[in-house]
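Structures are listed in the sections that come next.
In the two assemblies presented below, chain A is common to both, partnered first by chain B and then by chain C.
Right, the complex of A and B next:
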């Protein structure tokens, strides 16, 4: 079936085995990112940066599933949003410290990912996308009706609390440090997953599932594992976001949030290591500057979708990778 | 008052009728999705937006040109269908050689654009559209009050679904269509213009959505968000039914509408999610869908 055929952006990154100089290049990019993370708050507003980082981690998690697993989930808002709710609730009503609140949100997303993933991988291709979307919509209605989510109001005025019960993160610059560490850790983990033997098998399944089956791999276990990993990291992003904005709301579980993370990944470059970060930066910046135009944001997002799909499928980082002839 | 299982019959039949109405829309929309998917191999995310567009075209015909409901019932599907043909020719047709997922992403983008444009122009509060004079009023049945318009919606959508089924299963044109679904290359080799077929099929599929939009206009207010709300449910309907069979998607559509109506009577809290729960159950028991062929 062509359903599981590779996305055409992916082979650019996977066209040849990665050599030692590629790893060296990636190390340089990581070092550059670390320096940028350290210097950015001197130039840019910390809350804006934290928003970018949370969405970048969300998009990285999503790209792990799409770019390397070849699975297009249209319901990732469910894990992002549910983790955000649980983290906010834990911090506000149980009085958990921020790191425990984030962990509880992340664990919820992992559990949800396990259940939904097990269901969704029963179908392939386009059906997989529709199932994830429908399951996420179920979570949306649940969030709308359940008591603990606060319905239309969401959970507001979430206390940021003291990290490990000792360090206050009420100040934006201190919290930025935490968010930057979470983001960087998440990114390194995803990088490690992609380049592990597990990641290699994933790419094999993405490129040719029947062949992977014939080689004796239990593809469904791999698919489920990457689904859970992706959902967990999306949850980590959502749970952190709840503390940054001190708010968890229906926006985070709405289908348009699922669409947004797809857009970020598409713009940055599907199946590239660093693409989702660039995509998140572009889309969050765009939304911030276009906010005064209200509903036009939706139209512009739609137009970016159409243009990217028709003319720019490799994405920003994919383009750089092609010019440099190196996987990024 | 008569009751069944402790529920007044009036309320029970009222909700069942409402379920049947929703089912009518599910049936027409999933039928269109299935036809488009069968031939073009893309899932048309813009289907909901085009359904909404159908309702808006009806409203515009009335407001700007003074053309009433019956004109709209013919013209709006035509307008939406032509719009769909343009979309297919200039945008979607460029993606046939790529992975199917790109078709989903493209039509999702189109849905955002269409929906956003209507929202900017007409706001989100919804515009009223009156029931045509010929169909106002209703019948007093022994067990319930049956508004004429609602009866008409059920009859009209059943007729359209059956007519579509007949065309596809019993005519020469339909035979070409089925053959092209099975093996487009071979059909093209026999001298059939397959690209033209793809365009017309997409046009017809979205015209069905436009038709459903006109039917829906007097029942729900004409609202830019009406398509986004329904399309995800229709996706679940399609997963439950499987897109392999035309009649299958029609039956699934109506049946799920009824189930939703029943849920509103007996356990209203679950009425928004019941179709998704059924989807989960079907995935567990029969992953290919009730009428689906295993891939």
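Right, the complex of A and C next:
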């Protein structure tokens, strides 16, 4: 085939075309997720859940770029982390309300995505990935050196403030409501992007770029658009996370964060609608409940990743999709 | 010649690190004709195609399409002017359905750029009728809902042609449309090309000389990046230089 991208080594899990039945199935999954989101805090710690949701949104944003745009970014921590810093700073030093703090962080990520994306999409395949990594490393060193990020300390004790200046979100369960809404909204937006006229062009470009060009599509504009959308949503996740943990730190801009989101997406199922959520849940759960093992968590994660790729390359949700013969 | 020239090159040259793949090619394609570009392997035919559609930038020379210099344009913009190419390897979107393959071309032509990521893809259903007509025209109605990756080789080529036709291009550049086809598919595709050539201009690279003989109004023979001969099939096939290029010196 004309597929030349290195990424095609991994199969696109949803290999059967989606029909109207599948959309109905997706709606059911969305409804199930909404119910699960409503009931989960009765059983699990809200902070743990919020962490899962922030990372799930991050992974969904990343998957939009990788699974549907065919672009493997190794530097998504830059948007996640920088948004986290800006929203933490805005809430702490400018006294912005939480929604405005999140908005300013998200806007920063969008802007950063626009600049970095414009540079990176000029190259393809591994070169694209390397440029995104290099730019993200620059963001890391900037964050280490710049005054406003607090260097090694990060920005701590970020006030959660009052939503719209009225509703206090100091209580974890109230904040959970906000995070759940942000996550759900972000997920629906990504679903819509995938199933829009724009998304249709994206899939065509992912499938066969030269052919899309020969049909008159200016493919770089589409790649840049999806890059910015992905960076923006990654920023939304990072900005929200800063309020949840009341902290923005170097961990969020470190390259290992970029690696983690790749891991989540692949474990869950690249190019599936719901895979990144499952991937984030698995990885965050492992990090949380295996914490007593200390540095060994990384080794265990690595082993899980290797097993996952060896046993089911299409990821957890991709595997289910294959068994059910339905795109998920 | 008093004929209306739609595409003209002059002194078209492409060098790859000291190797001249295409060297000073001057070519004129008359509007409404089927023009074939033939030549032995490595003669520079595909490079020529890539230059004409701007997938490659020429080292020297100019390209004029409909009396407009397109030498500096980008490939997507050339396509938007109505000069649309096919590819040597079958160029479909494997994970889209047959209908979606055709519709993606219609989408560009009817809606222009589609950056509306907030809109439901249902709006594209307005194009389904027209897309189905095109799918039917190439005999793929039974496969409209199948993914392109599942199609046989010949059907993929047919789908490719339907997709190209969805743009309603004024001029088609077909890169070996018959490559790898069985006899039946060759006849069907030849008939299809003749049918679509009615109010269009076609420039094609093709190895199957009987197809070239029956389809084309005019033939340009390339060898080692240069134009060796030009004319109708009878003229060209008798040209001793052409015979030599194809069979090799000594056998002529």
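In this text, the second predicted complex is superposed on the first by the 309 of 328 C-alpha atoms of A that agree within 3 Å, B and C clash if a C-alpha of one lies under 4 Å from a C-alpha of the other, contacts with A are read in each partner's own complex, and residues count from 1 in each chain.
The rule is simple: a residue touches a chain if its C-beta (ideal position, glycine included) is under 8 Å from a C-beta of that chain, and two chains touch if they have at least 3 such contacts.
Source: prediction; values computed, not measured.
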item	value
Contacts of A:193 with chain B and chain C, given as first, second, both or neither	second
Touched partner set for A:127, first chain B, second chain C, both or neither	first
First, second, both or neither for A:236, with chain B first and chain C second	neither
Touched partner set for A:54, first chain B, second chain C, both or neither	neither
Touched partner set for A:282, first chain B, second chain C, both or neither	neither
Which of chain B and chain C A:179 touches, first, second, both or neither	neither
Partner chain(s) touched by A:119 [first = chain B, second = chain C, both, neither]	first
Chain A residues touched by each partner, larger count belonging to chain B or chain C	B
Residues of chain A that lie at the interface with chain B and also at the interface with chain C	1-3
Residue numbers on chain A that touch chain C, as the complex places them	1-3, 12, 15-17, 19, 192-193, 195-201, 203-204, 207-208, 210-219, 221-222, 225, 229
Residues of chain C defined as touching chain A within the complex	53, 55, 74-77, 79-80, 84-87, 89-97, 100, 103-105, 107-109, 111, 113-121, 123-124, 145, 147, 149, 163, 167
Interface residues, chain A side, partner chain B - complex	1-3, 5-8, 72, 74, 119, 122-127, 129-131, 133-135, 137-138, 141-142, 144-145, 255, 259, 262, 266, 294-299, 301-306, 309-310, 313
Touch list for chain B against partner chain A, complex	37, 42-43, 91, 94-95, 98-102, 104-106, 108-117, 119-120, 228, 232-233, 235-236, 238-239, 269, 272-273, 276-277, 279-280, 283-284, 287-288, 295
